[in-house]
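In what comes next, chain A is part of two complexes: it sits with chain B in the first one and with chain C in the second one.
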Partner chain A sequence: MQFKNRWSKILLIGLIAGISIGMSSMAIAADTIKIGSLNDMTGATSDVGKDYALGIAEAIHYINDTGGINGKKIKLYQFDYGYRIPEALTKYSLFKRMKCAAILGWGTGDTEALAPTVAKDKIPYVSASYSGHLCDTTKTPYNLFFAPDYSTQVRGLMTVWFEKKWKQNKDFGKRKPRIAACYMFASPFSSSSIKAYKDQAKVLGFDVGPDQDVSLFAIDTKSQVLALKEFKPDVVLHTNTVMSVAATLRDSYALKLGADNIIKCWGFDENLPKLAGKAADGALGCSPWAFFGLDVPLMKEVTKYAKKYNPGIPPEKRTIHTVQAWASVLGLAEALKRADKAGDLSGEGILKKGFETFKDVDIGLGIAPVTYTPTDHRPQSEAKVYEWTGDKFVLFGSADMKKKWPEKWEKEWLGW
Partner chain B sequence: MRKKRLLLTILSVFLIVAFFTGCACMQSKPTEKNFKAPVVTLDNMEVVHSFGYWYFSKKVKPTKGSPDNVGAPLDLAFTFNVENPNKFPVMLENLKFSVAFEDFDLNTVSTDAAQFIPPGKTNQVRVHAHFDVRQSLLSLLVTGGFKLKEKGTNAWAALEKWWTGIPKYEIPIHVKGGAAVFQAGGVVKVAQFNATFP
Partner chain C sequence: MSTTFLPCGDYHQGYAEDHAWFQTKFIKGKMIALFLVLFVFIPISYWGSIFQSAFNIDNYWFSLIIRYISVFGADEYWISVFNMVGYTILGALGVQLLIGYCGQLTLGHGAFIAVGAYTSTLLILEFPWPEFMITLGLAYPVSIFIAGIMAGLFSVLFGLPSARVKGFYLILTTMAAQFILVDFVITQYVSQIGGRGQAFSLPPGTIKIGPWLIDNNYKVYFFMLILVILSCIIISNLVRTRVGRAWVAIRDNDISAEVMGINVIKYKLLAFFVAGFIGGITGSFWISNLAAISPEHFPWFLSLWLVGVILIGGVGSIHGAIFGSLFMVVIMELLQLAVIPLADTYPKLLMDFLFIKEATFGLAICGFLIFEPNGMAYRWWQIKNYFNLWPFSY
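Let's look at the complex of A and B:
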């Protein structure tokens, strides 16, 4: 009996110690917010995806080093899915199982494939796909991003070119400006803003030339450029990614097409002048974020963390995609802080008490103020346009679509 | 008597805990100054699984299942030695690196499986990198077109060369831009590494 009694006391002590340890680990778990990140570091978009992925991890370190989410640390689960949709679905199931509060997604493929699922599961999904139809909250209520959508980018590029370039042209007022577009017809990403491009051409009074089918894999675009020469465009819109845009610029330069070039964000980064050389001079591109290293708020932190956590990658190899990733993380962190303050870190809480309370939020990095409402997830109405000139990117102008066309912005342009 | 035994038991537990805590405290405390970045070196690269070289477009009807654009997988495993030169244990939080076949970066892999490395000891970390012909083809086509042209080759020729040569260890594999994040007592250090195998 005495033996039994002694052992029951030891057991009791053990139990108390066990409960204490258990409670402390529960406290650690409660102080951590899990975030999933889907990245492409091996697949079709790995050239830009790798830099974005590095930026995500570095920005999370920054958030944790500067107080976390009101004292709670973020635990990042970052996976490569190689731009394969089935693998994106598998990784999403893992994130869900791990109870991630939100997901930092990547391209059009995974974002569109997962949009109905994240809406059903109520998990906020911050993507690097900026397709206009992700902004309609009746269809994709849990999709968010930190850039003007592709359609706003294209409308903004055309407007800035019209106001700052065409108005200087000797033919201004004598004839309509001529515009044509080069993009991969079969690519949902490349063609996602073409409807908006044609609509904006009507708004501004352009003559629209024949679309040119340029593959994302193209390194020779002479036949398309020769076809464009017959139309004699004043400006050409490019909505592909960098390599094929560089190929088109090179061939346009070699064949003396003589048109200006306006380029959507994914075709306009630090690699464009490296690949296109002189042909990139004067190119205009929509860049919602400042280029890596430019003097804007928070850029010092971006470069500092890049150097600290990836010292083996020289700064000249880092690109705007790092900055882009920081914008996604900083935006998500702000939403988490607001939701946490409201005491609701559920998916619905992060959306309603976090993101959808944003009104002209300045997250730094040269990006325009961000606003979300329960009915409109277009974060920004201002398209910032940079020019590659004198071997550097220079802010050329910007156009606020909501201010210029408030009625169309409100009633016509949401969701495409 | 029973009370005395209980008291002795509690005291013993307390002394054991105090002893171990004391031992831990006797180790030098990590600071920004005395924390040396551990040294990461590639020990070995193993071709874990190789399935030859092949590619089927989705126009080809498979014997079973649905057609798709699919290519042969290639599974490589990289084993790194991680040496802790410090007088205190350090925790490896994350390790990542890019893998290049010849001049083409085709994969960036990482591991977040944390582990402690005792003072003055060397641990090993093994990281798998998965490749397949389809995924590498797209990566090459979207990004490597100009470079392949300059080299007088094309994506298909390069893939065939790699998928047949790597399993024989005939083609050097480069580990690039490696970074391992270590933590000790709240101080963070990052070690860089690069390597080529064989």
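Let's look at the complex of A and C:
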């Protein structure tokens, strides 16, 4: 009884002390800007989320070391939410309570669930979800990201494959190419570009095969690959993250499916060849940024900060997702700098005087220039396609959707 | 109810009094105080702003006073935390009914919440309501009721095996509900209705009850309070009547219950129906808070979490569901607030908080099973009796 009481007392005192410290530290220092960050280190997308999370923290250190936002320091509150949407909602209200100027978000499910609230609260939300739904400013005015949206990526991948691979096929001109998609039906992230995929198949004249449900956690996809074998696709589109894409590639290789593979950005990184081995040879993927360690502007800083703040992880284990995180942070910092110069660091100020003044802004890291307008939040129209040749990633081709289909780009494709 | 010890000189003189809600004036006073706290003091800043705009007061001192009063209430963050508590309470009440009162172990309750949420969403978005029902704002309230019925029917369907199996085997059959309903039916078919892909989002203005538009956290909070209170009334009325006694008899020993003439299967399925009904209401309540829905909102972990909630709160008690939810949600949030200042020295702490949270969840269950197997509700009962019987507590 005594033991129990003493422990409960200590616990209670500890808790109360902790809370009172917590409350008191809520006071805002004048010369810092608070940024909230939601990341996935443990959930369904943790295979790519860990590196992104590390990249966010390192990039914020870089911003603070190089003068901050016109002299103001950024204070980062970074949380792991395990890819659980209710968790993301409570974290969001915590960020709001802490008066964060902007939020760096993660997945498609939570970003889309939060979009109406974000718009109401006027907090700029830079996500790692590049879902096309987030580009329509009439619906989601405060959602932004730094990459071509998923729909543009998928359209670009299909176009590049059609122009460079299909035209060399012996059946070219004799029949329509056959395409099928592997993705997790339940995940808004995996399925967000499927509408664009089906539409682009019509535009280019593909035969569309049955969709295959591949879970983000999948390690065995033989039944899906066998189902595809009856359809005999020439090319398979993958829109999951690396772990399950690698599993699908391995199984299609083992079962001799014989189709080319085109992969959305989150399924195409340095880990893919490690996980899939020879099965990854010749895989095409959309990658808006340079791979980790390639020779592009600012990459030296990326590698330097990775070594400095996470010395425990060898550089060869770091991936492109760190670069992605840097792109998000650098883009946000640029917007904050512009808004701060205009003297308005409110949410609306950051959006109107920051992001929406971007016109062909080059943030380095091999990413194409970024433009936002008050009516269109699609930052880029060009999809860069890389190929894994067996020992390295090589730029295979690129397709600028805006140049190829200016009419449709302008009128039809916004908000997919 | 009759567990309350009455002051000297107060006696029950009939069954009605024995089962009355408020047995003494003091208890009635306490309950009124509780309602005042819930409806007035916690959302005081909301009332302040309503008052201000209703009388069109644009006075500096007045708004200053309002701001000082609001300090004592909950700000929007805490209101959203309380909404989370309410969601957990509504979910846990169904689990409590099944596990705590009827003894039917279930690990698939999240699926019925999902059924409710999807039924309600689809009814709002796709059903051709007659014009007057939309203008009167009846679409959402009616959809809540239908969502409850739907979820109840599905719950009965997955409760059917309880006629033959019990214990661990029943856990497995109820788990099937998660995989069949959420992972298969909802993701593969239901989510595709209307060509919406996976995620449904409810346009602003669609969630309203009569003329009352539910569009901010405070309104969700009031709506949640009303639903929680109604559900508590329904369940506590059920468990103190013939139905509830039959459930308890089945829980304690189903063979003797049958010998005594209770139709075991009927009452088990009734328990599944009521639990599913409340699950459906939980789901359709939750969409008012989210305004968006996808199958990812209803992982299997949700069902497990709800069982954890009633283990901590106390099995077989309505108080238990409430205390458990408060503990699991509020304590975790407090823990998080406590961690934030420490993050200045240990930056890893924020990122690892999910581990801390999960570990605390497990530890709390272990701790309660070891030190207080009857849960927080029993502790509450003891504390209450200590004061009721003081100073002669023998």
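Just so it is clear, the second predicted complex is superposed on the first by the 388 of 416 C-alpha atoms of A that agree within 3 Å, B and C clash if a C-alpha of one lies under 4 Å from a C-alpha of the other, contacts with A are read in each partner's own complex, and residues count from 1 in each chain.
Keep in mind that, in the parts below, contacts are C-beta pairs under 8 Å (C-beta built on N, C-alpha and C of every residue); 3 or more make two chains touch, one makes a residue touch a chain.
Not measured: the values here are computed from a predicted model.
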| item | value |
| --- | --- |
| When chain B and chain C are modelled together on chain A, clash or fit | clash |
| Which of chain B and chain C A:Pro188 touches, first, second, both or neither | second |
| Touched partner set for A:Leu216, first chain B, second chain C, both or neither | first |
| Chain B versus chain C as contact partner of A:Ser46, first or second or both or neither | first |
| Chain B versus chain C as contact partner of A:Met243, first or second or both or neither | first |
| First, second, both or neither for A:Leu89, with chain B first and chain C second | second |
| Which of chain B and chain C A:Gly36 touches, first, second, both or neither | neither |
| Which superposed partner A:Tyr77 touches (first chain B, second chain C, both, neither) | both |
| From 92-100, 236-244 or 326-334, the chain C stretch with C-alpha clashes against chain B | 92-100 |
| Chain A positions touched by chain B in one structure and by chain C in the second | 41-42, 53, 57, 77-78, 80, 82-84 |
| Residues of chain A that touch chain B when the two form their complex | 2, 5-6, 9-10, 13, 41-47, 50, 53, 57, 77-78, 80, 82-84, 216-219, 241, 243, 246-247, 275, 308-313 |
| Chain A residues within the chain C interface of the complex | 4, 15, 18-19, 21-25, 39, 41-42, 53, 57, 77-87, 89-90, 93-94, 96-97, 109, 112-113, 115-117, 185-188, 191-192, 194-195, 213 |
| Residues of chain B that touch chain A when the two form their complex | 2, 5-6, 9-10, 13, 94, 98, 105-110, 112, 130-132, 135-136, 138-139, 141-143, 145-146, 149, 176-179, 181, 188, 190, 192-194 |
| Complex interface listing, chain C residues touching chain A | 75-77, 80-81, 84, 183, 187-188, 191, 197-199, 201, 204, 217, 289-297, 299, 301, 333-344, 347, 350-355, 371 |
